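Several structures are given next for inspection.
Next come two complexes built around subunit A: one with subunit B, the other with subunit C.
The block that comes next holds the complex of A and B.
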C-alpha cells in the first residue's frame, strides 16, 4: 500500500521531471559533452580533447578572465549604486506621498524598454562629437570634462555600468516596494508608542524584515548583471579594445568569430559553475545575516 | 440475362476507365519550389521581382526568404546544417575554413561540371576574381576536393571615399585625391586646423580594421611575406609589421581618424559620412546604394587607400561580394542550378545592378552603371581577399591584431607592444595546432 502511494506520488511529478530533463538536464549534458571536443559547429568530425578546453580557459585565456573582471565590476556597481537607488526610491514610494502611483510607473519604464533601444539612445547621449552630455557639460561651464565617453578606456566601462544600473533599477525597486508593503504597519506604530525615532525604526524594523528581500534582489542582480550583453553590444560592442568585454560576449566570439563551438560550450559551463558558486555563497551569507538579525 | 449483365459490366469498366483517365488529367504535379535563404535586405524587392519573372518563364516558383542581419543569418544557416534543414540555395558567410567545413560535411554541391559545360559557358559569365573566392584549387590546405562550389551574385571592392565639398573647403582639388601617405597626412593637418573630422569607418567591426591593415601590409611587404607570417615563418614583431601598426598610430596622431572611430559599427560610420560629418570614409562598394538612400546629394569620390611604400603594388580587398551555394541534399538541385544560371545571366545582372547599385558579377553587365560604382569597379583587378590566400590566420590572432590596433588608436599601447602580444598568441596557437595534429596522427 505504501509502495503504491509512493509510486503514485512519483507519477504526479513525472511530467514535470520529464520536461525538466528534456529542456534542462539533457541540454546541459550535451553542452558539457561538446565542451570536451574541438569542433567547428559544422564538420561531422569532432576531435575529443578531454578537459583541454577547460584548462585553456582557466590557465591561458587572459581575455576571458578580463571579461569576468569587467562583468564583476559592472555587478559591483549594480549591487551598490543600482540597488541603493532602488531601495531608496522604494522607501519613498512606500510612504503616503503625492503622485505615488505616477512615480511607481515612471521608475518602472527603463526595465520594460528594449536593451538595444536603451543602448543606442545612450550611445547617442554619450557621443563624443554630438552627444547631449558633452553639450551640457560645455553649457554648464565644464568643458574640461568633455570626452568621448564610450571610446575612452577610462570611462567606457563606467558608462556601461551606469547605463546598465539605470536600465535595471526598476526591477529592484518593484521587489523592494513589494517587500516593504508586507511589513506590518503595527510594528511601526508600536515602535512609535515606545518612543522610537525614524532611524531606529528603519534600523530595527525595516532592515531586519527586508533582509530576505535584499538577498533575493542581490542574487537576481548578480545573475542578471553577470550575464548582461545586449546593452553592451548596442553601446560598445565590447570595445574599445577589450575594455567592455563580458563573458557572454566572449562565448559569442568563440562561436561566431573563431568557430570554436566546443570551446564556447566549455566557456558556458565554466561560467555557469562560477555563477552557481557565487549564488551559493550569497545564499550562505543571507542565512548568516538572518541569524544575526 | 447473361448478355444484359455483360453489357452492364462493359459499361461499368468503360466508365471507370474514363473516370480514371479524367483523374489522371486532374492530378497535376505540384509546381516545383526552390527556396533561397539570403541576408541582403537591400535586394529584397529586386529578388522578389526576379522570382516572379522566373516563375512566369519556367513555372518554377522561387521563394526568397530574408534573414537579417548577417550575423543572425550565419547562425541560422549553421543551425539548419546541423538539423539537415538547409534550403535549396543559401549563402555561407565567413572564412574559407567555414566554407570548407560545409563542403566536407556534404552540404554544398560541386558546380564545376555545370560551370564547364558547353566550353565553360556559365563560367565565362563571371569576373575571374568573383569566381576565385568560390573555388578550391588543387592541394588546398582545407582538404576539399578541387572545384567551384559557389555562384557569385555580385562583386565588391573596399576602398576609400572622400567628400568633394570638404576638399574644396580645404583648398584641395576634388579630382585629385591623395596618392601617397604623406599627402594623406598633410590633409590631416588641414582637417585638424579647420576643426573637421577625418576618416570614418566601422572599426568596432574588426574585419574592417583588418582590411585596411592588410592593404598596408601588402603594399609594404608584399603578399608572400604576409602569407609567410600566416604560416608562422615570419613573426609579427618583424619591422614591416611594426610599420603597418605604426601607420594607424600616425593617422590617429595627425587627426586623420574620426573621434570615437573604434566604437562605430559600419552603419553608424555610413550615416556620419552620408551626413557630411567626415572628410574620408573607408567602405565597400555597397555603400553607393547606402549613401544614395541616406543623402542623394552627397558629392563624393572614390580613391585607393594611399600608397605607403614603393616596394610592392597596392592591393585592396574585393572579389565576390555575395555568393550562393546549392544544397547538395536538395530535392530540386537541378532546378536550383538552372535558376542560378538564369540569375547570373546578363539581363538579370543588369537589372540587379540598376535597382540595387551593386557591382554585377557578370562581366558583360558592367554597362551603364552609377559613376561611383564604375570607380569602384575600375580597381577590381588589384583586389585580393583572405579567402584567396590558400591559408587562414588563426581567429584568435586576427582578433588580437585588430583589437591591438584599437588599443593603438586609443593611445593605450604602442605598435611594438601590440606586435609582441600578437606574436605571443600566434606562437600559442601554433603549438596547439601541432599538439592536435600529433594527437590526430596518434589516433
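The block that comes next holds the complex of A and C.
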C-alpha cells in the first residue's frame, strides 16, 4: 500500500522529469563531451582532440574575441544608456501623474515583440537607400549625415546597440517601477517634515532602497544582452566584416557554417563559464553594496 | 499668496516637461510599428518614394498576397499549432509536477526540485548544438514533435517554480474536504488545485505563449522543410525573396506582430504581474 502511494507521487513528476532529463540534462552532459572532440556532426567517427578546441579558442580565434568585445560593448550601452533611461522613466511614472497606465502599456510593447520583427523593421528604417531616417536627415538639412547605417563599419555596432536598448528598456522600466512603488510614502513625508528637499530625498531614500533592484536589473541586463543574437541576425547578420558579430552567432556559425560541432560546443562552454563568472562577481558586488547602505 | 502661485506654476511646468519626456519616448516606441503597418499598405512603386506614415491609397490586398503567395498563411498556422501544443503541454506537465512538489513527500523531492531551479540559473549558450545532435539521433529533427518537446522543456522550470510557489500559499482545507469525499490524488489536482490556480496559470500561459510565438533559434536548426517553419524563421529565411516585394514583407511582419500585441494588451495585467513577481522573488 505504502509503495503504491509513493509510486503515485512519482507519477506526478514523471512527465516533467523525463522531458527534463532528455532535453536538458543529456544535452548538458553532451556539450561537455563533444567539446573534447573534432566532429562534423554527420560522420560516425569522432576524433578525440582533448583540450585542443579550447586552446584554439583562447589563442587563435581572433574573431571569437572580437565577437566577445562587441557583445561587451552592446552590454555596456545597455547597462548605461538603456537602464538610465528605464530608471528615469520609472521615476517619472512613479509620481502622481496622468496617463501613467497608458505610458506603462506603451513602454512594454517593444519587449513583447519578437527580435526578428524588431530587427527587420529597424533594418528597413535604417536602410541606406530607401530608409526613412536618411530621408528625414535630408529634409531637415543634414545631408552630410546620410549614410548606410547598417553596412557602415563606423555606425553598424552603435545602431545595433541602440535598437537593442530600444527593445529592452521596457523590462527595466517595469521592474524599477515595481521597486519604487514598494517604498513607503511615509518615508518621504517624514523627510519633508524634517525639511529635506527633492534631491536629498532622492539621494537618501530612493537610491539606497533601490540598490537591490538596480543590481537585479543589472544582472538580468548583462545575462540577456551578452547572449542576444537574433536581433543581430535580423539586422546585419554579423556584418559588415564581423563588426556586429557576437559570441552566440559564432557558435551558430561553427555549427552550421563550418560543421565543427565539437568546436561549437567548446565555444559554448567557454562562453557559459565567462557568464557564470560575471554574474557571480555581480552578485558579490551587490552583497557588498547592500552592506554599505 | 504669491508663493502659492509660484509653487503651482513650478509644479505645472515640471509636469509639462515630464509629459514631453514620456510622450517622446512613447512616440519612439510606436513609430516603428506605425511605419511597418503604413509600409505594408503601399505598393512596390510607392514604398520607396512615399514617406507618409499613412498612405493615401490603402492596398489591403497586400495582406491577401502575403497570406497566399508569400506563404504566410501556412507559417501563421504552423506558429499557432506549435504555440497551442507547447503551452498545453507546459500547463499539463508543470502543474502536475508543481502540485507534487508542493503537497507530497517522496524521496529525492528537494534534490529534483533544486535541479529544475538550477536549470533556470545556469546559462548554456549554444545548447542548440547538442539538441540538434540529440534530435537527429531520435529521428525527431524536422518534425513538429521534436520542436514541441524541446519548447516544453524550455518553459518547464519557470512554470514549475511559479505554480509551486502558488500551491504552497493556498490553504489545503478545500483539498482535505474533497479527499474525505473520496477524491483521488489525480482528482484533487484536476478538480480542486487547478481551478484555484487560475490566476497563476494565466501568467504561465501568457508568458509561454509569447515565448513560443517569438522563439527563433531552435526552430531555425530543427526545421528544414518550408512546410513546417513557423513565422519567425520563415521571415529571416525568405527575406531575400521579398526584396522585390517590400510591402509584402511588411505585411508578413505585421501578421507576425499583431497577435502578440493583442495578447499583450488583453492580458497586460498578468504580464506585469509576471515581470514584477520575478523581481520581488529575487
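In this section, the second predicted complex is superposed on the first by the 267 of 293 C-alpha atoms of A that agree within 3 Å, B and C clash if a C-alpha of one lies under 4 Å from a C-alpha of the other, contacts with A are read in each partner's own complex, and residues count from 1 in each chain.
Throughout what follows, contacts are C-beta pairs under 8 Å (C-beta built on N, C-alpha and C of every residue); 3 or more make two chains touch, one makes a residue touch a chain.
Remember, predicted model here, so these are calculated numbers, not experimental data.
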Query: Are subunit B and subunit C a fit on subunit A, or do they clash, once the structures share the same frame?
result: clash
Message: With both complexes superposed on chain A, which partner does A:184 reach: first (subunit B), second (subunit C), both or neither?
response: neither
Field: Of subunit B and subunit C, the chain that contacts the larger number of subunit A residues
entry: C
Task: Give one of first, second, both or neither to describe whether A:41 is in contact with subunit B, with subunit C, with both, or with none.
output: both
Task: Report for A:143: first if it touches subunit B alone, second if subunit C alone, otherwise both or neither.
output: neither
- request: Name the contact category of A:49: first (subunit B only), second (subunit C only), both, or neither.
  value: first
Message: Going by the contact rule set out at the top, does A:256 touch subunit B (first), subunit C (second), both, or neither?
response: both
- request: With subunit B in view, single out which of the stretches 145-153, 181-189 or 235-243 of subunit C clashes with it after superposition.
  value: 235-243
Statement: subunit A residues contacting subunit B in one complex and subunit C in the other 41, 129, 256
Task: State the interface residues of subunit A toward subunit C in the complex, per the touch definition above.
output: 6, 8-10, 12-13, 15-17, 19-20, 22-24, 26-28, 30-31, 34, 41, 85, 88-89, 92-93, 95, 97-99, 102-110, 112-118, 120-122, 124-125, 129-130, 132, 135-136, 166, 170-171, 174-175, 178-179, 182, 212-213, 216, 223, 227, 229-230, 233-234, 247-248, 251-252, 255-256, 261, 264-265, 267-268, 271-272, 275-276
Message: Can you tell me which positions in subunit A touch subunit B when the two form their complex?
response: 38, 40-44, 47, 49, 60, 123, 127-129, 148, 150-153, 156, 236-237, 239-242, 253, 256-260
- line: Counting only contacts in the complex, subunit B reaches subunit A at residues 71, 74-75, 78, 81-82, 94-95, 97-98, 101-102, 104-107, 197, 204-206, 258-263, 265, 277, 395-396, 399, 403-404, 406-407, 409-410, 412, 428, 436, 439-440
- prompt: Which part of subunit C faces subunit A closely enough to touch in the complex?
  reply: 15, 18-19, 21-22, 25-26, 28-30, 32-33, 35-36, 39, 47-48, 51, 92-94, 96-97, 99-101, 104-107, 112, 115-116, 119, 122-134, 136, 149-150, 152-153, 156-157, 160, 185, 189, 210, 213-214, 216-217, 221, 232, 235-236, 239, 246, 249-250, 253, 256-257, 260-261, 263-265, 268, 271-272, 275-276, 278-280, 282
